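Listed after this line are the structures, all set down as structure tokens.
Common to both upcoming complexes is chain A, partnered first by chain B, then by chain C.
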Partner chain A sequence: MNAGAGRPAEGGVAAAAQAMRAFTRRRIFWPLATLVLLLLFNLISNPHFFSITIRDGHLYGSLVDILNRAAPLMIISMGLTLVIATHGIDVSVGAVVAISAAVAATLIGGQLVISGGMQDVSRYPLPLVILAALAVAALCGMWNGLLVSYVGMQPIIATLILMVTGRGVAQLITSGQIITIYYSPFYFVGNGWVLGLPFSFFLVGAVLAAVLVLARRTALGLFIEAVGVNPVASRFAGVRARSITFWVYALCGFCAGIAGLIVSSNVKSADGNNAGLLFELDAILAVVLGGTSLAGGRFSVVGSLVGALVIQALTTTIYAAGVPPEVTLVVKALVVFAVSILQSDRVRNRLGALVGNEEVAR
Partner chain B sequence: MRNPAAPSLAAPASAAGGARRAPRRLDPRHLPLVVTIALFLLMFGAGSVAFDGFFSLQVFLNLFVDNAFLAITAIGMTFVIVSGGIDLSVGSVIALTTMVSAALVEQHGWSPAVVIPLVLCLGAVFGFTMGVVIQYFEIQAFIVTLAGMFLARGLCYLISINSITISDPFYTHVSMLRIPFLFDTSISFNVVIALVVLAAAVYLAHYTRFGRTVYAIGGSEQSALLMGLPVPRTKVLIYTLSGFCSALAGVVFTFYMLSGYGLHAGGMEMDAISATVIGGTLLTGGSGNVVGTMFGVLIYGTIQTLIMFQGELSSWWTKIVMGLLLLLFCLLQKAFERRSARA
Partner chain C sequence: MADGALPILEMKGISKRFPGVQALSGVDLRLFAGEVHAIMGQNGAGKSTLIKVLTGVHPADTGHILLEGAEIRPTSPLDAQRLGISTVYQEVNLCTNLSVAENIFIGREGSHGFAIRWKEMRRKAAEQLAELNLHIDVTAPLSSYSIAVQQMVAIARSLSAKARILILDEPTSSLAEEEVRLLFSVIRRLKSHGMGILFITHFIDQTFEIADRITVLRNGERVGEFPTAALSRITLVTKMVGREIAEAGARRTQAAAAPGAAAQEAAPFLRAEGLGKKGSVHGVDLEVRPGEALGLGGLLGSGRTETARLLFGIDRPDEGALHVAGVETDLSRPLDAIQRGIGFCPEDRKLEGIVGELSLRENIILALQSKLGIFRNLSRRRQQEISDEYIAKLGIVVPDAEMPVAKLSGGNQQKALLARWMATDPRMLILDEPTRGIDVAAKAEIMGQVLDLCDRGMAVLFISSEMEEVLRYSDRVAVMRDRRKVAEMASGDADEHTVFQIIAGGQA
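Our next item is the complex of A and B:
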């Protein structure tokens, strides 16, 4: 805001510099810069990285691939952004992904039924399957929301319970089996193409539009920030902090449910132990990278999307560079450490003092 | 300035309320512990009635034998939670300890006499680092330890994705060792370690300055600071202690399983937190004790044994029941909190 105030503006160069400074100040700048750097690194190591070809009317290429693979994570991180903005956390998203996948797979039925040349048989119609999976996921989210907002448990404990027991619940739903899905219409969710683009891309767009309309076109976004900054003050100000917290967790569960459908459709099976494994780390990392502070308050949904893309690009880079995939987990954990240290007030104040107190003033 | 004043306003009111209502009743802080012991007796009794051969000293002792590592972890966790923090990295640190031990002993031929002190130091350093980040960068404990949890798991996979079996004579000997107890029963060496840790923890919590400071920080960190207690140092030490306990639990777990594996002790962080909370430690900090935690661990063991005796339920039910119990005790704590707030 007060960039360049008190400094003489000298023509267009200064104006451009000022615009540049204003842009670097934006929350979205750092995640975007990281993404661009990662992509450039890939471009140098593989000159064909940016090439996109059209095959069978579908777009193919590394960039499309990253977008496609990042879809479940992008959807979850949008839901988690709102949770974190209320000064909460949801570490159960991975388990909810597994539960939603398990519900969908169980309702479709794991048998390869071949009757009269037809092998696409589902026990229940597809819309019902999808609705049921999403409803169960939303219920999981509501359960978290209930514990956090109305019972008043710490979010980390409330969601930790679901994180650990949720995998057990998923196991119970599939009776401990890995259920393979043989019903090809269901494959469309994770592998389908619309207008040359992956269908999951449109799912991300739909969720993004819904979240943006809710958070930016209505007062809800402001309320969420108010709850995150100071729940007591916001309640005195007439914000219904409890019900907002409740619905934010429900939405997060719902998002995890969509991601669960995409994941199970991608791998054509549901595995209670491994579906959505470590998604909670990736999602938290995406949100933190996107510039939303873990201390609650201001949030950036688009930033989280970029954060999710950074993570997927990082994973792709690690694979492409021939580094063993096990390293990814270590790298991600270290990045969480680094980013949260950079976000901490102490470091910000130090850095702010270094660059002339502008950070503090803001 | 506002915070120190708030307790002084609230304190006389609650003290007066307490005196008016029940001058001689049990200290409400000990009520959770009584509930825990009662629950344990009830569950063990129910098992004894339902299954033949359940009511025996050996079954009781096996609760310790099979859960020595959980007891050690949960004792470390108790200090963390009493101070008002949380440590989510414990399960992964156990896995990392088994993995490092197995890799060094089996693949590099190191002597256990070197490996065991080394992994204990490693765990302490891991906890120390997290403590420093929590204290000096003022980041919430759960984020730092969550990152630590994933980091330790990642380091496991870096060593090997597969399980490494340990055939070192020292480890197998300790694993097989049975110490005779009363009436033809026996305990393993792990139980001895766990009981020594328990005794040390009781001493540390109730007879040292460090222990007093831990409770003071949990009661009110600001008051502890104003009293001139060494809060930063103690907080770092608490996480160091928890890291050390996890590493020790990892050593015990190595004796128990005789292998190193990156998937060992998955979800253990919740078991340890559950055992602590069921044992009567308040999640908000300031109240609780390690003896209660031990009973929390025994309850965990009893659930496991009940499910084993039942024979049909999958082992996942242990986690689900433990999660529900954790939930139940959290609700209980909330109820107590509200009642004391109203009084």
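Our next item is the complex of A and C:
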């Protein structure tokens, strides 16, 4: 009995080891491992880190907090992943966040109406406000797409234009003011709860589902990767490289628009100068941490989500671990550096050689 | 190259294993000063691995390398260069946006201290090029010169490092005949200066023209070393392939006289009338019928590729008219051409053909998926079925269809491109230099498949610099010169000599 049982168990172990090795080769492994390590570190330094409590039917805890705070970044990273997969880049997403926030806040209007207590007053109905903000954001994306695909500008230059002017546009929309939003139904976007979970979870989930369906259930993913690797050959094979590039930028703008709504709802205001500031850099980092190369081609939307979570978890960890504020940026940089290094094939081959694995054939 | 003399370079018993493949087993090679030594073999025979061992890209598992009798172990191409072994690769790996002079001295300006002495650099560059009989403006960017000139610059660059051995890895694969002649005159000059030259090529004619001795490799083993004079073409090919091969082809001129005649009756599938584009070609009249192969000959730059680009919707003509299947058509993008049943294997396989990082499967189904559109997604299973079918049909050698296509050999990449178009069930194929840089066996397989489809009613436009191939594979031949079509004739009525006369500007 014992002898008989031993064999399958050994086989099982071998199969598990095999599966584990296959898993470590996958793109998603390193960002996921980093995330797990970060969370473990927190668990050791704070045993209550994983605990989740229920208050007023809502879930509270550090994990929920990380997910909630990472929502805008996660949504932007998903849009940006597709852009980067076409061998492009969009550095204007932060500015588009500000524009989207400005449009929403302006359409709601910044008046505080008090007549028999605070009144919820909006100049336009909320659905219209949201639609308008998203439409303007998508238009921003289309502008980028137009410059890149039809005018033939280099992506970083094309989107740099909007990155710089976008904040000016946002201030034009709000007439240079920081508009405070007093209309409480709008707060739901960034602070609402559904089924005990923050509403932003559902926004992230919806965007993820939409992007995954677009990228993997249609041929769009294949075309995006083909364009990213070799635009000329793709065009010669019948791929409509220009129009795909155009729509990918539009989608990226749209995602930044959603993030803008969450951000403005979170802070209950729209600040053209500071809303979404430096989001583009965090988003690029999230995409790269997630295993999508800036050289274009193969991409992983889920990887970018994990990348965004790593960035947020890192920030939370640094605060929770009581790292002095003056060294937080250095700590963040070190972790990012370590993860990036581990993702380089060359370094991994060297490490593999040290461990004694056979060199990966080139 | 007296046989009593000591070879300048000797490789003895070189073996190299990659995971899953024995790339080289016990290969010997001798190179004497003042000789041109060709290494011949099919794709995958081990030519490039041997060169990579010699230039320090890969270390050998076993074996020795002796340079003038002393053992060397180059650890990198730079190291090999310091030892006097210089390499010029197939793809010119220079910086085309820098000037000629900068390219010759790149990475070496520092030897004068921090500042670059521009004047001296330019003077030296001009001197070195003059030694190769090349007199050009060295301050102009490299990209403003033809590939042949770029190759000369690459050679000049390697020579300025005081090389004793020069390795030319497929230097002629993108050159027109006249440019090859120029390159060969340079090679002869270097040879007369006592340099040992290793020449790797697929072109059998060129080997016989330039090489003194030939080492033949097959499946990672050395078949033998032969003086060129003692080998006939057919024995060389037999040694490369390892089996007797019938002279590939001879298909159109004799065997297909009947279908060719029938095709004359049919209405043309594609008809161009005075098609042209500013800065491209002018007044091109062409007709291709179903079941007919039309050859398009002419020198590089005579407008063959430009014509193909107009017919496939890559460039838009600004004069003339194009009829596809009897309907006047305006193709504004390649997809328009694909939807009308046209496929195009471009000249530059790497830049315009394959999508390197994607898998063989994805490369094969790409055009079909484009034809279907974004929303009619082929299921993964269907994609696998299609790619497996064509991998088997065309004999693509690959462990599995998920391999990135960039890792396949040139012949297999070309087959993958052909598979891409065959999957779309085309009514016409345009092939631009489909046999360039691939081995004899793959060439025969590819052209066999194409001509088979042609016999079953597909129209073919076959573009090649090798007139002998054009004549062999086509029913009719159109000849281009100076961006115009200058003649057209039945293949049976022409031989290489008459065509070359037309190309050279004689009477049609």
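As a working rule, the second predicted complex is superposed on the first by the 307 of 362 C-alpha atoms of A that agree within 3 Å, B and C clash if a C-alpha of one lies under 4 Å from a C-alpha of the other, contacts with A are read in each partner's own complex, and residues count from 1 in each chain.
By definition in this document, contacts are C-beta pairs under 8 Å (C-beta built on N, C-alpha and C of every residue); 3 or more make two chains touch, one makes a residue touch a chain.
Predicted, not measured: the structure shown is a model, and the values here were computed from it.
Within the superposed three-chain model, A:14 lies out of touch with both chain B and chain C [touch as defined at top]. Once the two complexes are laid over each other on the shared chain, residue contacts for A:194 go to neither chain B nor chain C.
When the two complexes are overlaid on their common chain A, residue A:40 makes contact with neither chain B nor chain C. Look at A:151: by the touch rule set out above, it reaches chain B but stays clear of chain C.
For chain A, the partner that touches more of its residues is B, with chain B and chain C as the two candidates. By the touch criterion defined above, A:334 reaches chain B but does not reach chain C.
In the superposed model, A:176 makes contact with chain B only, not with chain C.
In the superposed model, A:240 makes contact with chain C only, not with chain B. Residues 217-220, 222-223, 225-226, 229-230, 232-240, 297-298, 358-359, 361 of chain A are the ones that touch chain C when the two sit in their complex.
Residues of chain A that touch chain B in their complex: 89, 91, 147, 151-154, 156-158, 160-165, 167-169, 171-172, 176, 278, 281, 284, 294-295, 324, 326-334, 336-337, 340-341, 343-347.
The part of chain B that touches chain A in the complex is made up of residues 86, 88, 133, 136-140, 142-144, 146-148, 150-151, 153-155, 157-158, 161, 267, 269-270, 273, 283, 314, 316-317, 319-320, 322-324, 326-327, 330-331, 334. The touching residues of chain C, when paired with chain A in their complex, are 18-20, 312, 314, 333-335, 338-339, 344, 346, 351-358, 362, 366-367, 369-378, 420.
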